[in-house]
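Per-chain residue numbering starts at 1, and chain names A, B, C, D and E are given in the order in which the chains are listed.
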Amino acid sequence: MFLGRVIGEVWATRKVDDLRSLRLLVVEALDERREPGAPKVTPVVCADPLGADIGEHVIVAFGKAARVATLGQDGDFAFEAAIVGIVDDFDVPNAPESWRMHDVESLAAARAKRKAGA
Amino acid sequence: MFLGRVIGEVWATRKVDDLRSLRLLVVEALDERREPGAPKVTPVVCADPLGADIGEHVIVAFGKAARVATLGQDGDFAFEAAIVGIVDDFDVPNAPESWRMHDVESLAAARAKRKAGA
Amino acid sequence: MFLGRVIGEVWATRKVDDLRSLRLLVVEALDERREPGAPKVTPVVCADPLGADIGEHVIVAFGKAARVATLGQDGDFAFEAAIVGIVDDFDVPNAPESWRMHDVESLAAARAKRKAGA
Amino acid sequence: MFLGRVIGEVWATRKVDDLRSLRLLVVEALDERREPGAPKVTPVVCADPLGADIGEHVIVAFGKAARVATLGQDGDFAFEAAIVGIVDDFDVPNAPESWRMHDVESLAAARAKRKAGA
Amino acid sequence: MFLGRVIGEVWATRKVDDLRSLRLLVVEALDERREPGAPKVTPVVCADPLGADIGEHVIVAFGKAARVATLGQDGDFAFEAAIVGIVDDFDVPNAPESWRMHDVESLAAARAKRKAGA
């Protein structure tokens, strides 16, 4: 599991049946350093059984854990990542400042600007 | 699962039986920054049960989820990655511009040039 | 499994049921070099069945191993990372000096400062 | 699964029983950029049920898929990576030139030189 | 599976029961380039059913394969990495020189120095 931040949402009309009822969020991991020069990992697309908002911190799990979190059991389901917790607070004394930023305003502003320009 | 872009296709005559009926696409992940200096991850080879085109954005799943997406069930199948959704749109406010580019034209041009030169 | 150091704790009120009784720690991996320019991996959020303290070195396992370590068996549980051992000592002759630092004082100081400032 | 190139072979006398009958090849992944400064991933050691040669492009699968590809079924087998296809051709329009090089000659020359010098 | 080198050992008194009888080694992966500027991966902690020495090259497997290698079967065991082979030799023509170094002497010297200084 990793600690991440919801950075967006994705929609797909053509998809396998198991994804039809799932809300799919894009989550970036919080890494140990977020300076511009630091390499970035690939954001994860995950099912969201908890109703997280963009900008919120979340815990993401993979594989069987993701299917159990979303559907209450494992089985022949065609996804393998899910939000298992929405974070209230964390105590990581040496964490970079950027971990604290929820970016809700800047995210909302960016979204508004993009829609206005479209 | 990750958000990626179909960048090509691969063919193998000598392969294990389970791959005989599968179309195998090459998908690169969309990461948080795509400047030339950024490290790149390894593209994924995945089964394509949905008929994605080169340049399209897709959601890729691994392991059991990939087998269920492709064959409707898990079982003793010799592959572990598949496209589970073809993306219509995404809302990731701070995403790099490059995420928006489908590159269909440049991909088609590059392919034509390579074939003409061969 | 990897060798890591507990760097913090995380709390979530809204979470899937299986996480309700679990203490969730944030663990960073000890990598081969820890100079400022080195790329950092993403810290892992894991269940802690052993009662580790911040600053302690631990061994972290994933998947089925994590569920067995925490609950004594595998099953339909919605998590996939756990501390399986608290390290007394290690003999890695060429390990960076930073592996030896438990940082308990600096971690405690940072936490105190953050609380005082809040 | 990933697209790779066979770069060598490895032998082990002391090994677990399940590996006794397996040919073990070393495969490097083809990543999106192969300039000298780009970070490199760790080569994979995998079972080879198809008889691939050094320098050939292959598709590698992990976990259950690798066991099924090699033994026709999953079970209590002590390996988790295998070649599932030997690539005839690929169409990745924007692929780096280095993807095309099979390096068979340079690999053979390097091997001959090493043996002569030994 | 990956090709690695045993770089050390780790001990834990407080650990889950399944780890009680296991020797736990620290193994670093051999990557494609080992210059000082290259990013390093995180060493793996793995069970050692074969009795490998520090400095030896080994093949490491994960998940079910690791449990089968160590205990002869998969089951509810709380670990997921193990040495499955001790390498006699490898033929990787373009491998970096550093792959050949077993570093036994330098490792032994470093260990002696550390103990003398303690």
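Please note the rule applied: a residue touches a chain if its C-beta (ideal position, glycine included) is under 8 Å from a C-beta of that chain, and two chains touch if they have at least 3 such contacts.
Quantities reported herein were computed from a predicted structural model and do not represent experimental measurements.
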- Task: Provide the labels of all chains in contact with subunit D and in contact with subunit E.
- Result: none
- Message: What's the minimum number of touch steps needed to get from subunit A to subunit D?
- Response: 2
- Rounding to the nearest 5 degrees, give the angle of the rotation that lays the CA atoms of subunit B over those of subunit D. 70
- Distance from the CA centroid of subunit B to that of subunit E, rounded to the nearest Å? 34
- When the centre of a chain is set as the mean of its C-alpha atoms, what distance in Å lies between subunit C and subunit E? 21
- Touching two or more other chains - residues of subunit D: 39, 41, 63
- Note on the structure: Listed round the ring from subunit B, going first to subunit D, the chains are B, D, E, C, A
- Item | subunit B - residues contacting subunit D, complex | 7-16, 18-19, 24, 26, 28, 39-46, 54, 63, 76-81, 103, 106-108, 110-111, 114
- Note on the structure: The answer for subunit B against subunit A in the complex is residues 1-3, 29-33, 38-39, 41, 49-51, 59, 61-66, 68-69, 72-74, 82, 84-95
